[in-house]
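In order of appearance the chains are A, B, C and D, and numbering begins at 1 in each one.
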Amino acid sequence: MPEELTDALERIFAADSSIYQGRGFQRRVGFGDRPALVHIDLANAWTRPGNPFTCEGMDVIIPAVQRLNEAARPKGIPIVYTTTAYEVPEGPNSDTGLWHLKIPVEVLKVGTEAVEIDARIAPLPDEQVIVKKRASAFHGTYLSSFLRAHAVDTVIVTGVTMAGCVRHTVEDAIAEGFRPIVVRECVGDRVPGVVEWNLFDIDAKFGDVEPLDRVLEYLDGVEAWHEAGAVGAEGS
Amino acid sequence: MPEELTDALERIFAADSSIYQGRGFQRRVGFGDRPALVHIDLANAWTRPGNPFTCEGMDVIIPAVQRLNEAARPKGIPIVYTTTAYEVPEGPNSDTGLWHLKIPVEVLKVGTEAVEIDARIAPLPDEQVIVKKRASAFHGTYLSSFLRAHAVDTVIVTGVTMAGCVRHTVEDAIAEGFRPIVVRECVGDRVPGVVEWNLFDIDAKFGDVEPLDRVLEYLDGVEAWHEAGAVGAEGS
Amino acid sequence: MPEELTDALERIFAADSSIYQGRGFQRRVGFGDRPALVHIDLANAWTRPGNPFTCEGMDVIIPAVQRLNEAARPKGIPIVYTTTAYEVPEGPNSDTGLWHLKIPVEVLKVGTEAVEIDARIAPLPDEQVIVKKRASAFHGTYLSSFLRAHAVDTVIVTGVTMAGCVRHTVEDAIAEGFRPIVVRECVGDRVPGVVEWNLFDIDAKFGDVEPLDRVLEYLDGVEAWHEAGAVGAEGS
Amino acid sequence: MPEELTDALERIFAADSSIYQGRGFQRRVGFGDRPALVHIDLANAWTRPGNPFTCEGMDVIIPAVQRLNEAARPKGIPIVYTTTAYEVPEGPNSDTGLWHLKIPVEVLKVGTEAVEIDARIAPLPDEQVIVKKRASAFHGTYLSSFLRAHAVDTVIVTGVTMAGCVRHTVEDAIAEGFRPIVVRECVGDRVPGVVEWNLFDIDAKFGDVEPLDRVLEYLDGVEAWHEAGAVGAEGS
C-alpha cells in the first residue's frame, strides 16, 4: 500500500481513537490464567501461492506462529488449528450453506492438500484440527465446549484472513466469554488495508491486539498445565 | 423386557396421557413441506455386536432406514448421517469434553471402522456425514445452518440411542425451529424400557412419533427438490 | 403412582444398570471447583395450582431450593433462575417458534404473574433471571457465556419439568463443558413416572443425580468467590 | 471526515475490489423470498445525544428505517428490533460477560429509557424486541430459531454500530443460512471511516450492501405473508 494511503489510515485511526478513549472504549481485556492458541486457516490454500484464497505475509506469519507453538507446547497449552473445507463443495446438497453465493468456497474440498494445515506449522497428533464451514472458528463447531472443558479463559488468535475468519472468531470469542488476544505479527490477509482497519476495530471493541514479544513473554509466565487434566478429568 | 413390565409402562403412559391431554399437551407438530432425513449414529460401534455402544434391534432398524433412503433419494431430499468420534479420545487435549467422565466415549476414534456409517445404509458421495462430539446432532455442528440454507422445515429422525443422542437431537430440532418426526421402527437403544419412555416424553412435548408407513406415505407426497438449488443458489 | 408401578420401574432400572455398568456407563462426572445454581422454571405457572403447567411436589422442592440458596449466597456462588415466557404468545409473529404446536405455551406471557419466579424463592436484585423460549436454559440464551465469563465449571440444577426443561438443560450443560449435578429433592414434574425415568437416563449418561445433603455438604466446602471478580474483571 | 481521507479510502477500496473480483469474491448473495427486517440497537443510547454510545447520522437513518417499516408492515413481514441491556451491569454477578473489560456497557441497564427503542421507530405490540448481551443479534438469543420457525430466508439489516453489532450480526446471519442485505442509508457509527470499511468488507464476503430504494422496490414485490402462519402453524 502506498505510504500516502497508510498515512491516511493512520490519521483516521488517530482521530477515532481520540473519540473512543473519550467515551470509555479501547479498554484492555487483558490476559487470563489459562490460554489456548487458536490458529485460523493456516492451511495451504491460504499460506501457499496459486489459490483464490492465497494470503500475503507468510514469511512473517509462519515463523511467528512457530515461536508461539514452541512456547506453548512444553507447558501443555492447548493448540487448536482450523481449516475451512467442505464435503460437498457444490450442488444441491452442499455444506457451503449460502457462503458460495459470496466467495469462492467451492475450491475448498475436504481431503485435498489445499485444506491441510501448512506443513511448516504441522499439528502434533494430539492437537485439534477443526474443520469449520463458516468464518468463525466458533460457529457450528465444538470449539467453545472444548475450551470450556479445559478451563481455558484466554484465546491467543493468529491466522487469516483478518477481514474474514479472524475477525469473526475474535468477535465470537469475547461473546462466548473468552479473552481474545490477537498477535500483531501473526495475522494477514490478501488485499491492502484490511489488516489495519480490522485490527483497529477489534482493539477498540472486541479484543486486545498485542505484539508477538508481549505474548511470548506472557506464555513464558503461564503456569504449566501438567495438572490441567484435573479439569477435564476426575471431579472431587 | 418381561410382559408384566411392558404392561406396567403402558399403564403409566395411559395415566400420563390422560393428564397431558387434559392440559393441552401431546399436540401434533405435523409434517412440513421440505423434509430432511437425519440418521443418528448408525455407525458400526452402534449397529454391530461387540462394542460398548452396541444397540439392539438392527434387524428392524436397518431395513426401515433403507426404505426411507429409497423414498428420499429420487426426490432430492437431503440425507444427513451423524457419527460420534474424537480426534483425541483421551488425555489432556481430548475433544471428548467432559463426556468421558460419564460414558465410554474413549473407544470412538476418528478414522476407525467403528465410527464409520454401517455399510448396509452407506451414504452416497453427496450426502453429509457429520462427525459430532456431543449427544445432539445440532450441538457444536453445522447441522442447523445446513438445513436452513436448504430451506428444510421438517427433520425425519432415526437411529440410536433413543435415551441419548436421538432424544437430545429431537429436543434441539424443535428448539431450532424444525418439525421433528421420529420414525417408530427406526429408533433403538441398548437397555430395556428406554425406547418406550423416551418416545413417550418426546411425543408429549417435542416431536411427533410416527410409524414408518405414515412417513413413507408422506415422503411419497412431497414435491421433488429438483429446484431446491434455487434456495441455496441464485437470489433474485 | 401405585406401588406396583414403582416397583416395575425399579426392576427395569436395576436390569438396565447392570448392562450400563458392564459397559462402562454410569460413571461419575463429579463436582468441580466453581459451581453455579441453575433453577429451571420455578415460576408461578409451574409452582402454583391452576395452570396447565402446574407441577407436583412443591412442598419438598421449594424448601430444598431455599436451602441451596442459603448455602450459596454467603459464598458469592452465582444463582441463575429461568422462566419461559413470550412477548407474542400467539399469531404469525410469535416468539414461541414451533413449540405451540406441541404444548400450551400460549399461556406464558411476558410480564404476567404466571411467569414470575415464585416469591418463596425470590431472586435477589443481583441474581440473573433468564427468560428463555425453549426447553433448555442454554438454548437461545446467554447462559453458557455468562457461566464461562464467571469461570463456572459445575452447574447445580433444580426445578421443573424433569421430562422437559430440566432434562434438556442437563444434556446441554455437559455438552457445553459444565459438570451437571441434579439435586434429587429439587426436581419435579406433573405426570407420574417421568421424574424417575428421566433421572435414570441422566445419571446413566449426562450428569450426576445427588441427594440434597450431599450437595449442601459440597457447597459448604466450596471456596467463597470473594475474588471471583478477578475472572470477569481485570486481566494481568 | 476530510475529503482527502475519503479519497484515500476510495482508492484502497478500488484496488482491493480489483483483487477480490479477479479471485471470485464480491459475489451477490441476492434477495430471497421471505425477508425479515432486523433493526440493530436503534435505542436511545445510540440514537440520541449524550450517551457514550451515541451515534451519528440519525437524521438519515431514522426516516429510512421508517420507510422500511411502512413497506414491511402491510405485508406481514416480521420486524425484529434489538437493544443491548444488562440486568446486572456491574459486579461479580454481571451479565456483561467480559465485554465491560473492553467497552462501557455498564451504562446499559435493563428498564432504563436509554435502552428503549427510539420512539420515532417504535415497535408495534406484536413485533419482537430482543434484548441481547453481545454484539451479534444472533449470539445468545432466539433470533435464528424465531426466523427459522417463520421460514425467513433473507434478513434486511439496519442500525448501529457498523463496526460492532451490525457487522457481527451480518457475519452470523450468513453463517446461519440467511441472506444478509445491509441497507446503505440505514447504518451508522460514532467514529469516522468505520462505516465505509466495514461495508466494504461485508460486501466482499458476507452480505450485499444495497441502497434503500433497491430494498424498498424488493419489499414492494414480495408476496404478502397472510398465509405465513401456515409455517409456524398447522402441519399437514
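Heads up, the rule we're going with is that contacts are C-beta pairs under 8 Å (C-beta built on N, C-alpha and C of every residue); 3 or more make two chains touch, one makes a residue touch a chain.
Just so you know, these numbers come straight off a predicted model, no measurement behind them.
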Completion exercise
When A-C and B-C are ranked by contacting C-beta pairs, first place goes to B-C
Completion exercise
Taking each chain's mean CA coordinate, subunit A and subunit C are separated, in whole Å, by 35
Fill in the blank from the handout: Taking each chain's mean CA coordinate, subunit B and subunit C are separated, in whole Å, by 25
Completion exercise
Multi-chain touching residues of subunit B, meaning two or more other chains, are 28-30, 97-98, 101, 134, 139-140, 144-146, 148-149, 175, 177-179, 234-235
Exercise for the section: Chain touch graph shape: choose line, ring, star, complete or other and state it. Expected result: complete
Practice task
Name, in rising order, each residue of subunit B that touches subunit C in their complex.
Solution key: 1, 4-5, 8-9, 11-12, 15-16, 19-20, 23-30, 52-53, 97-99, 101-104, 134-136, 139-140, 163-164, 167-168, 171-172, 174-175, 177-179, 190-194, 197-198, 201, 204-207
Problem - subunit D-facing residues of subunit B, complex - result: 28-33, 144-149, 151, 153, 175-179, 218, 231, 234-236
Practice task
Provide the residue numbers of subunit C that touch subunit D in the complex, in ascending order.
Solution key: 76, 78, 87-88, 91-98, 100-101, 125-129, 133-134, 139-146, 148-150, 225, 228-229, 232-235
